[in-house]
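The data blocks that follow each hold one structure.
You will see subunit A twice below: alongside subunit B first, and alongside subunit C after that.
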Partner chain A sequence: MSKSIDVNVHHITRVEGHGNIVLNTSNGKIEKLEWQVPEAPRFFEAMVRGRMWDEIQPIVCRICGICSFAHSLAALKAVEGALGVEISEQTDKLRILAYYGEQLESHVLHVGYLIAPDLLGVKSVVPLASSHPDAVKTIVAAHRVGNQWMELLGGRMTHPVSFRVGGFGKLPTDEELKELRKSLVDTVPKLEIIAELVMSLADKLPAFERDTEYIALMEPGVYTFYHGDIGSTDTSDKVNIHEFESVVNEYITKQSTAKWARWHRDSYAVGALARYNLNADHLLPLAEKTAKAFGLEKGCCNPYMNSVAQVIESVQVVEHALQLIDELLTAGITYEVPHVEAKAGMGVGAIEAPRGILFHRYAFDDDGRCVSANCCIPTNQNHGNIQKDFEALVPQIMDRGQDEIRQMLEMLVRAYDPCISCSTHFLNIEFV
Partner chain B sequence: MTERNSTVVVGLGNPLMADEGIGLYVVRGLLEASEQLPDTDIVEPGTSPMGVVHAIAGRRKAILVDCAYMREPAGTIRRFHPDEVVSTKEMTHLSLHEGDLLDVLELSKRLGEYPEEVVIFGIQPELIALGEGLSSALQERLQDYIAIINAEVEGSLVH
Partner chain C sequence: MSKPKVAIFDFACCEGCQLQIVNMEEDLLELISVVDPVEWREAMSDHRDGYDIAIVEGSITRHEDEERLQEIRSHAGMLIALGSCATTGGVNKLKNKFDLNDVKRCVYCDSAHLPHLNTALTKALDEVVKVDYKVHGCPINNKEFAYILRCILMGKKPFIPNYPVCVECKMKGNPCRYEYGEICLGPIIRAGCDAKCPSGGFWCYGCRGYVDNPNVNAAKEIMAQYHKTIDNLRGRMFLFGSKQEQTL
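Right after this comes the complex of A and B.
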């Protein structure tokens, strides 16, 4: 093999560094193969130090414009743990319900707006709106339901304002929950259409496998996104979330400016496929039916299949949300006043963000002022694994054309649904 | 799920990234300055441009307020329609977290949900970096921005 390959996909922002794919080969030999990423969101950890316990969630929800509910709820759980605040069963159910809105919104956005264009051979969802209008309208409709769902329970479509340490500042009414229920029932057929679309294109997902350790929350009998211990496909042992640093084991390599994470191997993966590989036995019936239709087996080590797992999870969260709404309506929504007293303490919150397990840890002094913070986001945990996938994949596809190789590497990164450059978005324009 | 007014004012940005959050400062100021704007909703999608698709769907008029690099002096505010500009933003499409407002508006158009009129107010930043509060260049003009958007809402702006 004498050809040379030169792939450089550069992601440039003004303030947050980069997320680049670099591949250089010469005479069939790999000279450079790197997934280059920035370290995020360390800025926010510095920002919350010195702030009071009730200021943490409104600040850290701005780490991300897409998973702001996940960051909010991880923070609330950690703060409540630190201050010894007990929450009611109603609050717990409402939070899970609220959070499912974000799961749906994020997964549909990812599969519909980022993965579907790959499978249909275009650069973005915009041209698809003309070439495949019905499919895009269905995707947008499902995404819109997720947004409205979040707005109802979070008080805003993103960056929630209804959440409080200990409970909620504003509760939904029975009527609003009934309206949400109806909307979710109407969403199920839309998700079936999206699943059928992805299934019809699934043969375009590369058939690449690499034996991988997957990590996710595990809770007995539940396909959990919210409670439980940390589990791994490499061991039957579970680790309490308070010891998450012993799982994450961040380390530095020469290849990357971002820290990598490892538990039993050099890297591990988090996200929808990780959750599926650990918890698929506990899917609800409709989600299980969707999984069977795709033929997705537990133990799948094809990272491109993360998008398929996201479709299955979209069905799962809507199905479970319908159950939660019924339980809440049967019990009746009760007005509750959270009781919180400032004190010294340390707490950890863990949640399965759409793109994988997320940990927040905070410590407070006697006045309830934050003295330390650690936010360990799923994208950072996946960086090392993306690099390892690159290293396994590229030798298998070196004989293909440069554009095809670039496309496969881009699709691989996209499959992990990474959170890059998420705290800014500004316009950059020229007048014509 | 709730009834929507025919006009929407959309503030974009992150209030923890200095001038990047100008859209939010303006719409919050607008809310304080005018208790009830007639037939108008005010929304904050934060840093989620995709939320704009839903916020503007089916409205008669959408007014978007955003931080914009326009090669103007810091603090400059410009009113324009989306078809008067082109994006020079570099995108890889590697992540959902990249977003371009002009792309989102084009999607809305192709979905057939685009308002009769979309007006963008771009405000040239002085500083985008982690931190609360605006730069002095924008802070000094904040009330002007709010008044300009208010005038747009009330339809009294002379074009």
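Right after this comes the complex of A and C.
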């Protein structure tokens, strides 16, 4: 092979944040192949130092506009752990319910607005509005349900205001929960249409596989997004979330302002496919049916299939949300006033953000002022795995045209649903 | 009249304000029927050079970003700052309270000296270039965004409230957050958000910036009435208030 390839994608489109793809080959030899992250770092962990315990969530939810509920809830869990605050079963259920709204919204946004254009051979969702009006209407409708769901329980679609340390600042009424229930029942057939659309285009997803380690929260008997320990496809041992630093092992590279992570191998993957590979046995019936229709096997190591796992999870969260609403309505919503007292302590919160496992750790002094923080974001845990995928994929496709190679690399990055502005705020503080 | 070409750019931010544009759902499809979107990295892969209106989200935190913003400004007939990070520096300005070397060391430890991890003091867009319109808020209120854009397209001057959040909060019938023993910035912060935070059970933390002439005396009266100090209020003002000189 004598041709040279020169792919230089500056600021890849249809992803959150700024990333570059660089591939140079000469005479069939790879000279440079890099997934680069030049995003401007924002230094959240440094900025929260000195802030009071009740200011942490409103600050750190702003790490990310797309997963602000995940950041909020991880932060609240960590702050509550540090201050020894117990929360009620009602709060726990309402938070999980609220969080599922973000899962749905984010997954539909990713699959419908960011991935579908690749599968349909266009540059954005804009031309699809005229070429596939019904599909776009369905996607928009499902997306809006996710947003209204978040607004009801979080007070706002982005950067929620109803979550408080210890509970809620504003609770939904029984009537509002019933309305949400009705809209979720109506959403199930919409998700079936989206699943059918993705299924009809699944042959456009490249058939590329690379065995890697997958990491996600695991909780006995549950397809969990919220509770549990850290599990891996490489070991049956579980790690308590308080030890998350021993899993992520962050390190700094020259090609990225975001840190990278590795555990048992050079890299690992988090996100919908990781959750599926670890927890698929616990899907609820409708989600399981969707998974069967796709034929997605547990143990799949094709990163492009992450989008399919997101479709299955969209069904799962709606299905589980309906159960949670019924449980909440049966018990009746009780008015509770969170009671919190400042004290010294340290706490950890973990949650499965739409794009993978997310950890927050905070320590506070006697007055309840934050003395140190550590946020470990899913996308930074995926950066190294994206690079390793590149290195395995490119030799397999080098005989193809440069545009096709570029497109496959872009699609690979998009498949991970990266949230790059999130991923540039890590640190490795020594906690003493 | 040909449709104005619109490009959307972002700097240091969470991209949550662009998400609010996506969250316009069907209205977004209508919006793109009256403007010509030529560049929007978060949502579109195609782009064409040249634009009439640049919509910019995010703060400026690096020297190279200042240059990029100046370049954008030089091509744009009109520049709209989108959201708190762009209009005031937003939450990114908390960084300016610290020594920058300390901030870098805190996050990147021994690698803090590497050139690609460099950072500068956070700036709002109008500290670098001329800004024609500001869409306030963290995140923006997408109804207000649509309204401002509509006014611009019709050649009208948009009305941006210059009264405090308390006005909208009272109209919604919310109990005052001070009644809960909390410190709320509502009395000095620009309305237009529909008092989302107090309505959702939280205090106002000031993401829309101060009204032009905050009624300092009224704020002092409220603090006295609820046995709070001006220092309590100042403490809350750090989150989004770091751009403007402290008024209290």
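As a convention for this text, the second predicted complex is superposed on the first by the 401 of 432 C-alpha atoms of A that agree within 3 Å, B and C clash if a C-alpha of one lies under 4 Å from a C-alpha of the other, contacts with A are read in each partner's own complex, and residues count from 1 in each chain.
Everything below uses one rule, namely that a residue touches a chain if its C-beta (ideal position, glycine included) is under 8 Å from a C-beta of that chain, and two chains touch if they have at least 3 such contacts.
All values derive from a computational prediction rather than experimental measurement.
Tell me the contact category for A:Arg262 with respect to subunit B and subunit C: first, second, both or neither.
Touch partners of A:Arg262: none, neither subunit B nor subunit C.
Of the partners subunit B and subunit C, which touch A:Lys254 in the superposed model: first, second, both, neither?
second
Scan A:Glu45 for contacts with subunit B and subunit C and give back first, second, both or neither.
second
I'd like to know which partner A:Arg164 touches here: subunit B for first, subunit C for second, both or neither.
In the superposed model, A:Arg164 contacts subunit C only, not subunit B.
Output check: A:Arg144 vs subunit B and subunit C. Expected answer is one of first, second, both, neither. What do you get?
both
Between subunit B (first) and subunit C (second), which does A:Ala129 come into contact with in this model arrangement: first, second, both, or neither?
A:Ala129 sits against subunit B and subunit C alike.
On the A-aligned overlay, A:His227 touches which partner chain: subunit B = first, subunit C = second, or both, or neither?
Touch status of A:His227: no partner.
For A:Arg210, select first, second, both or neither according to whether it touches subunit B, subunit C, the two together, or no partner.
It touches nothing on subunit B or subunit C.
Touch check for A:His242: first (subunit B), second (subunit C), both, or neither?
neither
Touching subunit B and also subunit C: which subunit A residues?
Overlap of subunit B and subunit C footprints on subunit A: residues 11, 14-15, 43, 47, 59, 62, 64-66, 68, 109, 113-114, 117, 123-126, 129, 136, 140, 143-144, 147, 156-159, 421-422, 425-429.
For the complex, give me every residue of subunit A touching subunit C.
11, 13-17, 38, 40-43, 45-52, 55, 58-59, 62-66, 68, 109, 113-114, 117, 123-126, 129, 136, 140, 143-144, 147, 154-162, 164, 168-170, 252, 254, 257, 421-422, 425-429
Which bits of subunit C are touching subunit A when the two form their complex?
That would be residues 11-20, 22-23, 25-26, 29, 32, 37, 40-47, 61-62, 65, 90-92, 94-95, 97-98, 102-104, 106-109, 111, 114, 116-117, 119, 138-139, 196-197, 199-202, 205, 235, 238-239 of subunit C.
Considering only the defined contacts, which subunit A positions touch subunit B in the complex?
My answer: residues 9-12, 14-15, 19, 21, 43-44, 47, 59, 62, 64-66, 68, 106, 109-110, 113-114, 117, 123-126, 129-130, 133, 136-137, 140, 143-144, 147-148, 151-152, 156-159, 176, 179-180, 183, 410, 413-414, 417-432.
What residues on subunit B touch subunit A, complex-wise?
For this pair, the touching residues of subunit B are 1, 12-17, 20, 43-51, 53-55, 57, 66-71, 80, 84-90, 92-103, 106-107, 110-111, 120, 122, 125, 128-130.
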